[in-house]
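In what comes next, chain A is part of two complexes: it sits with chain B in the first one and with chain C in the second one.
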Partner chain A sequence: MIWVETIVNGMLLGGLYALVGLGLGYAFGIMKIVNVTQGDFIVAAAFLGVFLVPWTPVHPLLVIVPVAAISFGVGILLQWLLINRVLGQDPIPQILLTFGLAIVLRNGMVELYGANSHSIDVGELRFMGFDFLGLRLGVLPVVILGIALALFAGLHLWMRRSRMGRIIRATADDHQVAQLSGINYRRVYGIAMGIAMALSAVAGVLLAMRGSFTPYSGADRLLIAFEVVVIGGLGSFWGMFAGGIILGVTQLVALKLDPSSGLMWGHLMFLLILFLSPNGIAGMVRR
Partner chain B sequence: MTDLRSKLVTGAALLSAVLLIAMPHAMAEGNLRYIVEIFCVFAFAQSWNFLAGYVGLMSFGQQLFIGLGAYFVFVLSNRLGLNPFWIVPLAFVFAGTFAALISPLVFRLRDAYFAISIWVIAEIVRLFIAQRDFLGSVSGLPLMATRGMDRSLVAMWTFYLAALLAFLAVFGLYYLSRSRLGLALAAVRDNEGTAASIGINVWWTRFVGFVVGSGFTGAAGAVYYMSVFQVQPGGAFDPNWMVIMLFIVIIGGIGTVEGPIIGTAIYFLLRAFFSGTGNLYLMLLGAAAIAVMMVSAKGIWGVFRDFSGIDILGARRASGFDTHTKS
Partner chain C sequence: MPLLEVENLKVSYGDFQAVNGVSLTLDEGQTISIIGANGAGKSTLLNAISGIHGQKTGTVRFAGKDITRHRADRIARAGMTMVPEGRRLFGSLSVEENLLIGASAGRAGQWTTGAIYELFPILGELRHAVANSLSGGQQQMVAIGRALMTNPRVLLCDELSLGLAPTIINDIYRCFGAIRSTGVSIVVIEQNVTQAVAAAGYAYCLLEGQVSLEGPTDMLAMDDITAAYFGTEKTE
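Moving on to the complex of A and B:
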């Protein structure tokens, strides 16, 4: 039974990991841009969450709304002011640009907050649990999985059904042809980056509610996001979700077996899947 | 014209060789140690520049090879009681072999995903070493063999190894970039399809570039950690190595031999100037890299070369036609 509980907890954590990867994968799927800043931005959003929680009415969990809104704006500005200017055939300038930004952001946070670990206080919610089919589960992890699922489904539907979603998909398919129908693809890219950053920010705040973070956590967050996206098959929505679950379960099961190196087994699982199927889960299913 | 330039470069190579050989006899040990650090960091940066700017493989995990080279020399020397100075060439082979073994896997990914996958492998190796007592776990390993040796002799040989690395990082890269392999690498970097169509084996060329570049990083990592006499997983596999390499190359000029020389000078000046201000110099380097990308991705030397037409160590040759018409 303890194993079932570990696996279920791994899946709950994995849903959040999937959300960590979603921002990175969404930006890549649409713009073929890998925003390396996203790992450190996740941490910055967590700091913003810590700052905003005292002013959040009703429940601290709702802090994700203002953080997501601010991050949406930051994402648009980032794309319009910086990344759009280095777009081109060569992907290297924008990767290096965002890498530079990540370093500035990380070291800026170290200067401001020191290297101590922080977390977002959600009051009693953090310690509440319930029994389900004989399993003891935390309320917060379940709520977080619910939020992650809702965001995945919401984004999926919005991309399928809405006018803006259609415009974004058209731009993703071929931004030059989209231009012929009067679409300014640079503006669309801004909105897509805003969404990506808002998703990452929500993930960052939720991670900070479940556990703790330091200004240096960005690197780990980026690696998780990246592994989720590659396991999922570069840009496939539900592949990413499966990728997150696989990582979460692997990590918790490995932690049980080998308490000192759970993280390492998550990385090894990533390599194993890359070895078995270069196109990730989505590639396996398609085959 | 071309003739004259290659003669000048040969002359410069000979002159620097003589200077480097004479240096330890004319300098205090403390200064020598500082120069060893500069040379090693330059060698790291240049090997990343080789991979990203000449082979077209951008990696965010080159600290992997720094750590591998260092640990290889430390473990082998401590276990077998060997003189570490003779093992450094083997560190090249070891790191290169490791690169060869992971390449079938990581070559499946492109661009940023390739870059980060090597970082993941670096994390795996770091976590693995940190859990193994026979590798010194978290607290690392000291270098035993040099304890019984004459201090000034150790300092001199460390310097010579670092000097050899720096020498190869300038002139070795220059001659390599003009060789058959170097031209094949450039062709693959610029356009895979065209390169394949003129009979270049794209995968194999890239593979050789990756192995050579990573092996060189490994040898430099070995020398760097030999010069400080101890190695720890947290330091040797620190992603900050990557940050330093990257910024030296970007600011100086990616894909040029001269760029990282300028970048290394800027890095050490900034570090000396802002010592004691914590992470401020890292922020400045980051900001400078962003600025370079916004203005021109070619970096300081790249811009200077295009502006002045002066190209000292580039792979381009005069064709007999006027190639200086601006496109």
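Moving on to the complex of A and C:
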């Protein structure tokens, strides 16, 4: 039973990992841009969450709403003011730009908050648990998985059904031809980056509610995001979700067997999947 | 005043001068064709006029406005769009979604999805099919429909016949009458001379980036066209 509980807990954590990857994968799927800033931005969003929680009405969990809204704006400005200037065939300028921004962001946070560990206080919720089919589960991890699932499903539906979602998909297919229909693809890219950053920010806040973070956590977060996206098969929504679950389960099962292994087995699992199916889970299904 | 006026347009890719000083005019309601061999600069010319290709000198005036420096999306919203070479549909979108993207230009007019399905009934049946799954001819219809959905005043068509069977090419060109009757002015690019001459009232022949011959299609002799097309001396 203890193993079942570990696996279920791994899935709960994995849903959140999937959300960490979603922002990165979404931006890449649409613009073919790897925004390296997103790892450190996840941490910055967590700091923003810490700052805003005291002013959040009803319940601290709702802090994700203002953080997402602000991050949406930051993402749009980042794209419109900076990344749109380095668009082109060559991916190196984009990576250099976002890498540089990530360094500025990280050191700015160290300067402001020091290297100490922080966490977002959600009060009682953090310690509440319930019994389910003989399993003892935490309420917060279940709620977080619910939020992750809702965001995946919501984004999927919005992309399928809405007018803007359709325009974003068309722009992702062929941004040059989209212009012939009067679409300013640079503006569309801004909206897509805003959504990507908002998703990353929500993931960052939820991570900070479940555990703790320091200004240096960005690199780990970015690595998880990359692994989720690559395991999932670039640009596939539900592949990414499965990728997150695989990482989460592997990590918790491995920690049970070898408590000092940290994230090592998760990374090894990533390498194994990459070895078996270079196109990730989506690639496996397509084959 | 012509609806579209191109003056001494020069376009280059790096060191290569693909279009070297082309001038042409298109009147409201007129159809003109631009013919020329592979590499004569036809597509480059159209890409430059539509705003897709930005590296150019000279002037492009549309409805009396200088639009030489305008972006393609702005030009499309002003009422000039292109059916690109090779169709280039949004492959992951359905037929209907491709058409609705055309409506993003925000121009009101008589071209709606209903009107497109009337023009190409087969597209109505295939409206929920993914664009990538269609045959070449059907894809070309979607590409034309998508462009019409912007309710353009000028429609630029790049090699509609490319890679299509002759009977299908005839089907595609048959729709021109219906399109013209709604007041749309058309610029057609073709390698297929017969088709181009039949479709238009006035033709330009491009050779190595320059106009080698122009005139009303009923005044052009086939010999002259052949000479201008290949850059050879006229055979007597």
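In the analysis below, the second predicted complex is superposed on the first by the 286 of 287 C-alpha atoms of A that agree within 3 Å, B and C clash if a C-alpha of one lies under 4 Å from a C-alpha of the other, contacts with A are read in each partner's own complex, and residues count from 1 in each chain.
By our rule, a residue touches a chain if its C-beta (ideal position, glycine included) is under 8 Å from a C-beta of that chain, and two chains touch if they have at least 3 such contacts.
Since the model is a prediction, treat every value here as computed from it, not as a measurement.
In the superposition on chain A, contact is made by A:Val104 with chain B only, not with chain C.
Once the two complexes are overlaid on the shared chain, A:Leu157 sits clear of chain B and of chain C alike. In the superposed pair of complexes, A:Met264 makes contact with chain B only, with no contact to chain C. Counting the residues of chain A touched by each of chain B and chain C gives the higher count for B. Contacts of A:Leu276 after superposition on the shared chain: neither chain B nor chain C is touched.
In the superposition on chain A, A:Ala178 makes contact with chain C only, not with chain B. Contacts of A:Ala69 after superposition on the shared chain: neither chain B nor chain C is touched.
Touched by chain B in one complex and by chain C in the other is not one residue of chain A.
Interface of chain A with chain C (complex): residues 163, 166-167, 169-170, 172-174, 176-185.
Within the complex formed with chain B, the residues of chain A that make contact are 34, 36, 82, 85-86, 90-97, 99-104, 107-108, 110-111, 219, 222-223, 226-227, 229-230, 234, 260-261, 263-264, 267-268, 270-271, 274-275, 278.
Listing the residues of chain B that touch chain A in their complex gives 52, 58, 60, 105, 108-109, 111-113, 115-117, 119-121, 123-124, 127-128, 131, 239, 243, 246-247, 250, 254, 278-280, 282-283, 285-290, 293-294, 297. Against chain A, in their complex, chain C makes its touches with residues 50-52, 71-74, 76-77, 81-82, 84, 88, 90-93, 97-98, 100-107, 146-147, 149-150.
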